[in-house]
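Read through the structure below, which is laid out as structure tokens, and then see the notes.
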């Protein structure tokens, strides 16, 4: 779920940002704590092994391995790979979000063009909007796991009142390998044409406006569907994932504290050795940066848990207010 | 607040830029002076502690810690993290600014399409524009703290003349978990349809134009609302904040002046030691760059204190001139 | 082919990403395994030569060459060159994908504006859509190798029912050095004008809507054709390819394990030498990053194997549902 | 001023680019020569001071300072800061340029829709276009110093024939804190409505077209005005300026030639010392890159001296040709 | 000329890319071979001078100079400067390409809206399209050297049949400092209005559609003209050119093979010296990357040799098919 935190930032003055650092919901800690535990676990096991089990000769060899890993980690072009990937993914996410079909514009046009205060008029308007909503529900089902959980089968869609039983039969009699979200749009067009014939839609221009608005609505459904269908090339995802995984694998080995092979002679001050911190602080920070960056980029629910909530609520809103 | 300073730059010739450096309002100094004082305070305390309190042996250990921190600071990918974040945020800001609904286009169309120089005609035009303005006020209230401060309750909106008491009741009888900015748009549509029936809007094409313009206006309200509702993912904000904070924490420790552990022997010229500057000049510059970059990126009022002023003024402008 | 893997990611929770790493279809392994074998082969041959065939003096010279190659590899601005190229190519790809003409919007408008439940009405609608589909088939033939394989000649297009024999003659009597995808659009316009004269399209506005929609459809065909016609400048492709090839050539030579020229004296512990890994792990990772990045960027089928499947299915969909 | 130099490049073949290097008008040399003289002056003074005035002990201390400055200069993230800033500014500039309202489209529509070859018809068309031009003159006055210099007061606008005396009074009777560029657009609308009533605009569709075109024209005026009103955040400009200034301050101190503290003993060849170039060639190049980059980015006349020339000429063009 | 090479890539499987490396037409080798020869010549002369003419003392001094140049070359921010420049230029190029006015959309609308199978109808349609084509020829003449070479004077345009002698006189009687590409658009409008009066354009909506399409066509002409008129700021071009030139100047001096100043004593193995390659392989690669990158970016014909071919062919296509 996208978590709204702007209000908190808005009121933030001096130091206000630190408050944001300690939120849990939607935060980086919640996102990463499992991976972090695994990472720390592996690091700790290796650290203990090195300190307790290894003989001095083995430690010497381990130092070679660690040095090799450190140099390797530097050769992985993390910023380049992650920067490209995350920019693409975030832009995609926002474009996807903006292509969620909102029924309010259509609602406005239906209200303005389909006349009649009698039952027939109200039914017409409601049915038209129901078709539009049905179309977006059908798309959202294939795009969002949340909507799919709420409407696991077409039967659930019927129960929720988005479809009548006859419509369901008509819908299911049409066979297509693809999502049939466009079927209710055709129904919409037919019903609108009928309303025009009945004189409920008074003139051709209003009818044209209605069709155009539907076309835009439909275009958004289609775009959303294609964004979902055409994934970002798997190869890039694999490259990024391999890069991040191998970077941290190298870190686990290479960022261990290494004992100085040559202890200073007695009575003589040795050179400044490395600091034994036990916890690899810097590496942990890098873990947060890189793994967090990647995780958000690849978490699909991030992009799409957005839609259901909004979808549902906007759907009901539009039905209420006609 | 966005501060207009282009005029000053325009007249700037040789050296003109230096003048910009000494402005206070909207400047980086005003933005950062509190954080800067904290930073300098912490740095100073640590510096004094090191110089006065620590024993030579402790200084040796501190040198290890400082070296560790310095290396850690280098490992934080500041440019990458900040660059991505700030680019995204600034683009968002500008897109948001451009989606502020300006009533002037709508005003133009209403003037041109709703005829009649009598009282009824004038009332119609004014009411239509009032609805449009009301819609943007409702959105701006939820988006801008300034507008919210001016209109803390719906009652204030009524008092300012954007809504009548009956409209308020109608408005409040509609229940929705969301901002109901779209309700006045529905009223607008209904009133426009009525004007069409009365013949005040002479033909279907003018009516279509009116509806289309309203739809665009409404689209902008909706976009503004969604920009506000869907925050930029919290995780990125946290990653950036952790990066900047930890960078400066490392700097406070690692950029201290360290005494040379081995003073030169008498009669022999020692190697060139580090310069003891007392004030960490370079680090302060980095503080300005990175903290300023981040602060502007995350300061919400930056993006949205823009709107109210403009909103109000344009709102009144459009009411005056119908 | 673009491989949909989002569903798997969606369900991925902890560690879920590792599953993605072991997919074969559409994966980086499938993409690169041949190149990888060549790379490893060359590396191995050189490694064996060095270890077995070279005399100590030759090894000394080889060390010089290797050092030179290593420094050279560092001087190649891989991130810069690849980053620019791949960003451009991926953006192009997505723009191209989005310009694939989908007949569904046009279908919707045709359904709504061309009236008549009799045979003539149905024929009209079907013929109009057939022309639109024919236009996109003609473009896709020149853009996608897959579609071309399915329709190697115009005769195949006729057989598939997209074109009648008379239309084929008319089509072939028009001579042009360019793809004649726009010819069916002209037919469409003529037929629509005729339908307007017959009263099948009831009013001018509907007719205008129809023309506008066709124009957009045609605009997409045209855009797709131009994207294909105007390749990304060859020079950039060559620069990138030279960069990647020479980088790996340098790596094959420079990343070999080199024996320490001065073995430690007896009884004295030598300094930490390099680790002899036999397999150049880091270089392999870089191979995956850089070669994978490039390969995806330049693989044309990646961008366009998309279209045929979709094209065909949507084409049949639109014919079924009129 | 934007200087057209493409023709010269077009004819450039081998070595043709060198010719571009020696142009003065609009060139980097003209842009920077004052700053360059200051920079060289300061560098020279410091150089002389070091070489002549300082004692060996002071030179030793200076060497420390210089080393510190050199390291500091390396820590300033010039590419990051400048890259972000200049990209934003250049994109803004181009967007601004594209939002300059050109009256030619409007002219075309007015010609096509407002009929009548008699005096009245011609007056109508001319007045409509005059209003449109007036609107853009009003915007350009507040945006471009050049246009402002040509029309310092509204009286000058009247004299140039863009406004009649009565219109001026009407214009000035309207009070607003903002630029009133939209007032002539309202006049345009009113006059167009009157022309419609008189039958000069024959049908509603033509009238709608006219209004729509005006709305787009007005939208461009509005956009131009807002681009000017909402400056790019001052903080970024300050950050960039501080970065560039402090970078060059560090360079002046740190890039001086330093004498080798330990002259080689007699009879023994010393190690390779630094080269004493007297003129800091590399630093001068960096000065050109960074200061030129920044200066172009911040020079407002660059962006806006464009408009007046074009504005004026297009304005007169459009009046001539109606 | 833009060279289509996608077909070859499409069929490329394993190793297929290497084929692309050996193409000559439109390739990097053709683009750079002259510059390369100059570069190699200078390098060779300097190399011979160093090896043959210089005394050991002079070689010592040369070594100092070379070291200085090497360090200077590293300080030039090539990636930053080139990256920014080339991205901007390539984006401009593609935007320019997309703004080439293609007459096919207009052709489609003219066919659909201007009725009449008699001579008059055909003449009308042809004349309208001729005007449109004339407009684009006039723009392309000022934008593309190729089109200018084909139509050096207006007389040539008349001869090619785009303009009648009377039209030429009318055209030349209008004086303007600017390209008068918009004049045929005005003629188009007038002729279309006449056709409407004659009833050849049957209804207002069709007429509106026609005007709108013309306006878009004209907008593209205008955009193309402005892209050409407003060059990318000269300062950036100069900065980039200076950067690349000075980089290679430094390389010619600094990347020479330098003899080891201290030959190893007899009987003792010297340290690993540099490898004497005679040909500066790495520098050549960098030459290809950077100079090729720049050259493509600044080659104007690259961007605009595109247009004429296409322009001409599409122009004739549209005339053939009306």
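Going by the order they are written in, the chains are A, B, C, D and E; count residues from 1 in each one.
Here is the rule we go by: a residue touches a chain if its C-beta (ideal position, glycine included) is under 8 Å from a C-beta of that chain, and two chains touch if they have at least 3 such contacts.
As the structure is a prediction and not an experimental result, all values here were calculated from the model.
*Asks:* Once the contact rule is applied, which chains count as partners of both chain C and chain D?
*Replies:* Both chain C and chain D are touched by E, going by the contact rule given at the top.
*Asks:* Do the two copies chain B and chain D share over half of their interface residue numbers, or under half; same or different?
*Replies:* Copies use mostly different positions to touch.
*Asks:* Can you give the whole-Å distance between the Cα centres of chain B and chain E?
*Replies:* 40
*Asks:* Roughly how many whole angstrom separate the Cα centroids of chain D and chain E?
*Replies:* Each chain reduced to its C-alpha mean, chain D and chain E end up 24 Å apart.
*Asks:* Hunt down the residues of chain C that sit against at least two other chains at once, touch-wise.
*Replies:* Within chain C, residues 204-205, 208 contact more than one other chain.
*Asks:* Would you identify the shape of the chain contact graph, picking one of line, ring, star, complete or other?
*Replies:* It is a ring, because the chains touch in a row that closes back on itself.
*Asks:* Let me make sure I follow the ring: beginning at chain D and going to chain E first, which chains come in turn?
*Replies:* D, E, C, A, B
*Asks:* Of all residues in chain B, which touch chain A in the complex?
*Replies:* Interface residues on the chain B side: 34-35, 60, 63-65, 67-68, 71-72, 75-77, 80-81, 84, 88, 145, 174, 176-178, 182-183, 185-186, 189-190, 192-193, 204-205, 207-208, 211-212, 214-215, 218-219, 222, 226, 228-231, 233-239, 241-243, 245-246, 261, 298, 300-301, 304.
*Asks:* Hey, which residues of chain A end up touching chain B in the complex?
*Replies:* Chain A residues touching chain B: 2-6, 9-11, 14, 17-18, 20-21, 23, 26-28, 31, 78-79, 82-83, 86-87, 90, 97-98, 102, 104-105, 107-109, 111-113, 115, 202-206, 208-209, 213, 269, 272-275, 277, 281-282, 285-286, 288-289, 292-293, 295-296, 302, 306, 313-314, 317, 320-321.
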